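Could you have a look at this structure, given as C-alpha cells, before my questions?
By letter and in written order, the chains are A, B, C, D, E and F; residue numbering begins at 1 in each of them.
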Amino acid sequence: MTLDQKIIDALSGVSTATLTTVLLKKGLRNVWMRGTRPLRAGQPRVVGRAFTLRFVPAREDLATPASWSSPTSTRAAIEAMPAGCVAVVDAMGVTDAGIFGDILCARMRKRGVAALVSDGVVRDGAGVLGTGLPVWCQGVAAPPSVAGLTFVNWQEPVGCGGVAVFPDDVIVVDDDGAVVIPAALLDEIVPIAVEQERQEAWIMQEVDNGAALPGLYPPNEEAKARHEASKG
Amino acid sequence: MTLDQKIIDALSGVSTATLTTVLLKKGLRNVWMRGTRPLRAGQPRVVGRAFTLRFVPAREDLATPASWSSPTSTRAAIEAMPAGCVAVVDAMGVTDAGIFGDILCARMRKRGVAALVSDGVVRDGAGVLGTGLPVWCQGVAAPPSVAGLTFVNWQEPVGCGGVAVFPDDVIVVDDDGAVVIPAALLDEIVPIAVEQERQEAWIMQEVDNGAALPGLYPPNEEAKARHEASKG
Amino acid sequence: MTLDQKIIDALSGVSTATLTTVLLKKGLRNVWMRGTRPLRAGQPRVVGRAFTLRFVPAREDLATPASWSSPTSTRAAIEAMPAGCVAVVDAMGVTDAGIFGDILCARMRKRGVAALVSDGVVRDGAGVLGTGLPVWCQGVAAPPSVAGLTFVNWQEPVGCGGVAVFPDDVIVVDDDGAVVIPAALLDEIVPIAVEQERQEAWIMQEVDNGAALPGLYPPNEEAKARHEASKG
Amino acid sequence: MTLDQKIIDALSGVSTATLTTVLLKKGLRNVWMRGTRPLRAGQPRVVGRAFTLRFVPAREDLATPASWSSPTSTRAAIEAMPAGCVAVVDAMGVTDAGIFGDILCARMRKRGVAALVSDGVVRDGAGVLGTGLPVWCQGVAAPPSVAGLTFVNWQEPVGCGGVAVFPDDVIVVDDDGAVVIPAALLDEIVPIAVEQERQEAWIMQEVDNGAALPGLYPPNEEAKARHEASKG
Amino acid sequence: MTLDQKIIDALSGVSTATLTTVLLKKGLRNVWMRGTRPLRAGQPRVVGRAFTLRFVPAREDLATPASWSSPTSTRAAIEAMPAGCVAVVDAMGVTDAGIFGDILCARMRKRGVAALVSDGVVRDGAGVLGTGLPVWCQGVAAPPSVAGLTFVNWQEPVGCGGVAVFPDDVIVVDDDGAVVIPAALLDEIVPIAVEQERQEAWIMQEVDNGAALPGLYPPNEEAKARHEASKG
Amino acid sequence: MTLDQKIIDALSGVSTATLTTVLLKKGLRNVWMRGTRPLRAGQPRVVGRAFTLRFVPAREDLATPASWSSPTSTRAAIEAMPAGCVAVVDAMGVTDAGIFGDILCARMRKRGVAALVSDGVVRDGAGVLGTGLPVWCQGVAAPPSVAGLTFVNWQEPVGCGGVAVFPDDVIVVDDDGAVVIPAALLDEIVPIAVEQERQEAWIMQEVDNGAALPGLYPPNEEAKARHEASKG
C-alpha cells in the first residue's frame, strides 16, 4: 500500500523529535529505532511505508555464499521492494557483519527504494555512499552478512533497534534517526504533528526574543492565546 | 515430525559438551544457545524436536493484556504444540519481562511438552517450578511478557541465544544448556557423538589412573589402540 | 510514614508477578527493579515503605575509608532507618564493589529493617547471610563500596535497577524480585491485585483439570461466570 | 561561585589529556566523563563551574509532558543557571531519550551558559547545533526526555559518565571530552598543569627533530636540563 | 616459587572482603577479579601462587581440535603446573566456550592444583564438579574452548576479570571471589590483614550487643581503646 | 619480515569487504577487528605486517607514570617497530584510557610506521591527527594509558577487536576497518582476492545498467560467461 503524497508532504515538514512527542502523548513511548544514524550527514528527511527484512544469527550450514543464490535470499527480497518504500532490516543489532554492500544498495536505488534503515551495519561504506541510497544504520563493517547473519524472510513483523515494525507501518527518518508510525494511527497523528511543529517554531521565536521557559514551553493558557493571536 | 525413540535414547546418553565438539568438527561452531540455564538444578537431559515461538519488542498499541486473547497469542501457540516437542522461544535476550508464568507452563506440561528453552526469562519462578515443566532460560522476572515483548508467530525460523533454530531441528539440553542439531545433520551426527562419548569415558578413566594428558587427550595412535583393546 | 498492617497482610498474599500485571493495566510498565535477586533462595515475600540511599561513582578524593566516619556516611543513613522499612539502594548497577557487608547488615537487622534491595551487590556474602537480613541484589563482590562508589545521601528520589523510587513508595519483593507501587496509587492497586490473585488461582486449578488456554486465560465472559459461580 | 578569569585563561591553554595526567599523579584516576563527545567537531575548549542536573529512570506516572510545567522541571533548572557555568547532566548514560532539544538549548545560550555536558543525548540535533550552544554528549535521539527519564533536581552531587561531579567543581572540556577538577584541588592543579603542557610542547619539538623516546618522554635528568636551558 | 605454609595459614583466616579493604588502603582499588564465582557453593577459602594461562580469540585456522595436540596446548600447560598453585586463566570474559571440561580438571586435581580461577566458563559442569577441583568462574557452557578461544601461552602476565595478574602473585579466593595480592606486597599486607580481620570480628560482636555504627565502624579512638582492652 | 611490494600493490586495490568474503570462503569468519574505525575520514588503504603490542588491565602498583621509563614501556616498543609495519595494539577494548597521544604517534610516524590499529582509543585526538599517522581505533579519550591499562610486551600473539593477530600476519585497513590475513594464507589469498574485486566491479556496472540481482550476484554460469566475454 503506497503512501498518499499529501501525507508524505505533511510529514516531510515534521521532525522525528516532534513525532515522538506526539506519539508519546498517545501512549507510545517506544517508536524510535536505536542505532539508526545517518550514514551521510545532512541527508534530507524521508517518509515511506516499511518493507521489512529479517535475519537470524549465522549458522555455518545456512549462512554461506551459496545461500545468496537461494529463492529466499536478500537478492530476491530487493527485487520485491516497491518504489518509495523504506526498507527496514532487522539485523538484531549485529555490528560485525554488513547486511548490504555497494551492489545491493545500487540495485535498491535503481528500484526507487526511498531509504534503507537497519539496526545493523552496511559494508563497503565508501561504495554504499557512492550509490546515493540514503542509509540509516549503526555504521560499517567489512565482513559479509553471512559472517554473522542468516537471512530468513521479508514482509514479516520485525524488531529493529528495539522497536516493533510491521509491514506497511510508516517510517519517518531524519538526522535524529528513524521513527515508526503504526499504520492504524497515521490519520490521527499527522494533523496533530503538523500543528505541534508550528507551535514549537513559534516558541523558538519567543526564546530568541528573550522569553523565559516557564509558562512558555509547554505554553500556558496565556502563551497559547498569544500564539493564536500571532497567527492572525 | 516426531523423533525416533532410538535417536532420543542415543542422544540421552550424550552430553551437550560432546555434541558441540562433534558439531564443531563438522564446521558448526555456533550451536549452543547462550543464556539457557536450567531453572532447577539437576534436571535430566531432554531431547526433542524444536517448536519455535517468536517475539518482537513491545509496542504499547500491540503488547497489551487484550492481545492475550488474540488468535496469534502465546495461548494459541501452546495449544498447537505436539507432545514431546521442545519449545524454543526467541525472546531476543530480554530479561525484564517473563515470557510465561505458572499457568502457561502448567498447560504445556499437560500437553506433554518435553521442555521449554528460551534466551529470555520466565515469571512467577516459584509457580513455574511447581508445574514440573523442565525449563532452561536466563532466570526470572516479575513483569508480564507485554511489558517488553510482542508475540508474533510460531513455527518460524528464530534466533535463540545467538543461534539460528528452525522448526523440527533437534534440541538437546542438559546442565550445560541447549544445543541445536540441524535436522539435516541428525543421522550423520548421532553415531559419531555416541562413539565420542565412549572414548571420553575411557580417557577419564585413564586420567583417574594417573595418565598425563599429552598423547591421551586427544588420543594419539598408541592411545587409540589401547582404547580399542580395552573394548575387548 | 509507616504502612498499615492490613495493607501489608493483603500484599503479602499477592505475587510481584500479579502486581506488575495490575500496574501495567494502569499504564505503568517500568516498576520491576532489574537485578534484584534473592541472596537466599526461598526468602518470604516482604512489604514495606522505601527508605532510599544514593551513591555516585567513586572519586579517589571522596571515596575513602575516612569517609565512613563522615556525617553523611552509610552508617548515619542506617541509624536513620525506621523499623519495617525496605532499604532501596541506588548503586547504579555497579557489581564490583559491595555496598554493605556483614556489620552494616547486622545493624540494619537490629534496627528492624524489613529488607535490603539494591541494583548493586553486597560483600562478605557468607557473613551477610549469617545476619538473617533478607537481601535482594545482583550478588556478591569482595571490594568495599569505596572501591567503586561514593555515598551521597538518603531519602532522595533514586533509580534502582532502571526504576524510579521515591521515599515512602511501597516495595514488594519476593522470589521474582522487587516491585515499586507508587505511594499515590496504593489504595487503588491493592484490592484489584488481591482479586487478580484469586482469579489466577482459579484459572490454575482449571488448567490442572485439563482446560485449554483460549477463553480461559484471560477469561472470557463464560469463564468469568464460571469463576463467579465457583465462589458460591 | 564564579571562576576567576585568570584560571579560565590558564586552563584554556591546557588540554584535557594533560589535565588527566596531572590529576592521576595526585591519585585521581577517574575524572574523565565517558561518552562526552563534541556534538560539533572543533569546538573550542570550555572552562567553567559545574551546574548539575539529575534524572532518574522514567516512570509513566511521573515522566509526562505535564511534568514539564512542574516547579522542579528542567525549565526551572535552566532559569537558575548562572552565566559562565557548565551544565553537567546526569542522564545515567541513557541514549534513547534526548535530555534537551533546540528550545531548551537556545534558552541556555541566551542565559550565557558556557557549555552543556551529559552522558546522555540531545534531541533535534540539527536544531541544537543551530543554537550555537557548545554541547558534549553521546549523540542524538528523537524521543523526548520523558520517554526514558524523570527529572528530579539540580545542584546535587551527580554521576556523569561514571564520574562523580559536585556543584562548583571545575569542568574543562575539549575535543577529548570533559574532565572534572575537584573544587578543593583547583589551586594546586592549575600551575602544575600549565607547566606540564609547556614541557610536552618542548618534547614534541624534540620528536619532530628526530629524537628517540626513551629518556625524553618522560624526560630523564639530562632531558630536563636541556628543556630548562631551552627556556633560556 | 611456592608459598610459605605460615602465610597460607594466616591468609586462610582472612576474607577476601577484608583483603580488598587492606589493599585499597595501600592504593590498590582493582584487585578483585570480576566474574569469579564459586562453581560449588561453600567451597573453603584457597590460597596459592598464580600460575597463569592466556587465550586470544578463536581464529578458525588456529582454534581447532588438532591444536589440542600441539606443544603449546592447554594440555602441556597443565603438565607444567606445580602442586599448590592456583591456575588463573585469562579467557577475556568469554562465556560461550568452556576453557576446560571434566578431563582437564581431573588431571589438574591429580597434579595437586589448589584451584582453578577464570573470567571465562568451564564445560561439562556436572563432570567438573565430580572431579572435586575447586573452581571459580562465570559458570558453564557446552562448547569447547576452540569454539571461541585460541590458547597461546602460560606463565605470562594476564588480565583476569579486569585485573592484572603476574605469575607468582598470590591469589586468595573464597565465597566472594578471587583477589590478587601482588607478590611484592605480600609481606606487608599479611599482618595488617590478620589484625583487620580481628578488629572486624570484635566490631561485629559489639553490633550484636546493640551498639550503633557511628564511632564504632570504623572505630574512633574510644572504640579502639575498648577493643584493645577487650583483648585483655 | 617485510612485505613484498608486489603484494602491497595488489592488496592496495582490494577492499577489506572483498577480503573478508574471500577469507570466509576459506573457512575464516572472524578476521575483522571490531572497533577499528578511521580516526580521519578518507584515509587511504594501508597494507603491512603486524607489529603487536599487548596491555593488561591497570593495577595501581604497575600502571604509573614511572612505568613509562621502564625497559618494557610503550616507548621501547615503538623504537623496535620496523618501517612499513602496522602496529596492532591489544587494548582489550578499553575506551576510557588513551593508548597513545600526539608525542608517541609523532615518533611512530618518524620511524615510518604505516598505521596504528587498536581496539582501544588514542588521546589528544587533535594532536594525533596533526602527526599525520594513519590511525584506526574506537575514538578518543583524555586519560593516559595508565589510568586503565598496564603495558606488558610486544610481538606476542594478541587479541584485537575480538580477532587473533600474530606477529607478521598481514593487516589491510581501509574505510571499513582492519582485517588480518594469516601469514600462512597470504600467497593463496592474494590472487583470488584480486580476481574477486574485478568480478564485483563488473557486476556493479551491470547493476548500473539496470540488471536485476538474481543470477548476477553471485553470478550464475551465464553471467560468468558474459563477464569472461567482457574481458575480451
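Just so we're on the same page, a contact is a pair of C-beta atoms (placed from the backbone, for glycine too) under 8 Å apart; a residue touches a chain by one contact, two chains touch by 3 or more.
The UniProt protein names, listed by chain, are A, B, C, D, E, F = Ribonuclease activity regulator RraA.
Being a predicted model, the structure only gives us computed values, none of them experimental.
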Set of chains adjacent to chain D and to chain E: C, F
Max Cα-centre separation from chain A goes to chain E
Taking each chain's centre as the mean of its Cα atoms, which chain lies farthest from chain B? D
Equivalent interface to A-B, taken from D-F, E-F or C-E so that over half of the residue contact pairs match: E-F
Same vs different contact residues, chain E with chain F, by half of numbers used: same
Whole-Å distance, C-alpha centre of chain A to that of chain F, is 32
Chain-centre distance (mean CA atoms) for chain B and chain D, in whole Å, is 49
Which chain A residues touch at least two other chains? 27, 29-31, 58, 60, 162
Every touching pair of chains is listed here as A-B, A-D, A-F, B-C, B-E, C-D, C-E, D-F, E-F
Would you mind writing out the residues of chain C in touch with chain D in their complex? 27-31, 56-63, 92, 150, 152-153, 156-159, 162-165, 180, 182, 184-185
Using the touch definition up top, name the residues of chain B that touch chain C in the complex. 58, 60, 65, 68-69, 73, 75-76, 78-79, 95-96, 98, 101-104, 106-107, 110, 123-127, 139-144, 146-148
Seen from chain C, its contact residues with chain B in the complex are 15-17, 19-21, 24-25, 29-32, 34, 37, 162, 174-177, 179, 200, 203-204, 207-208, 210, 212-215, 217-218, 220
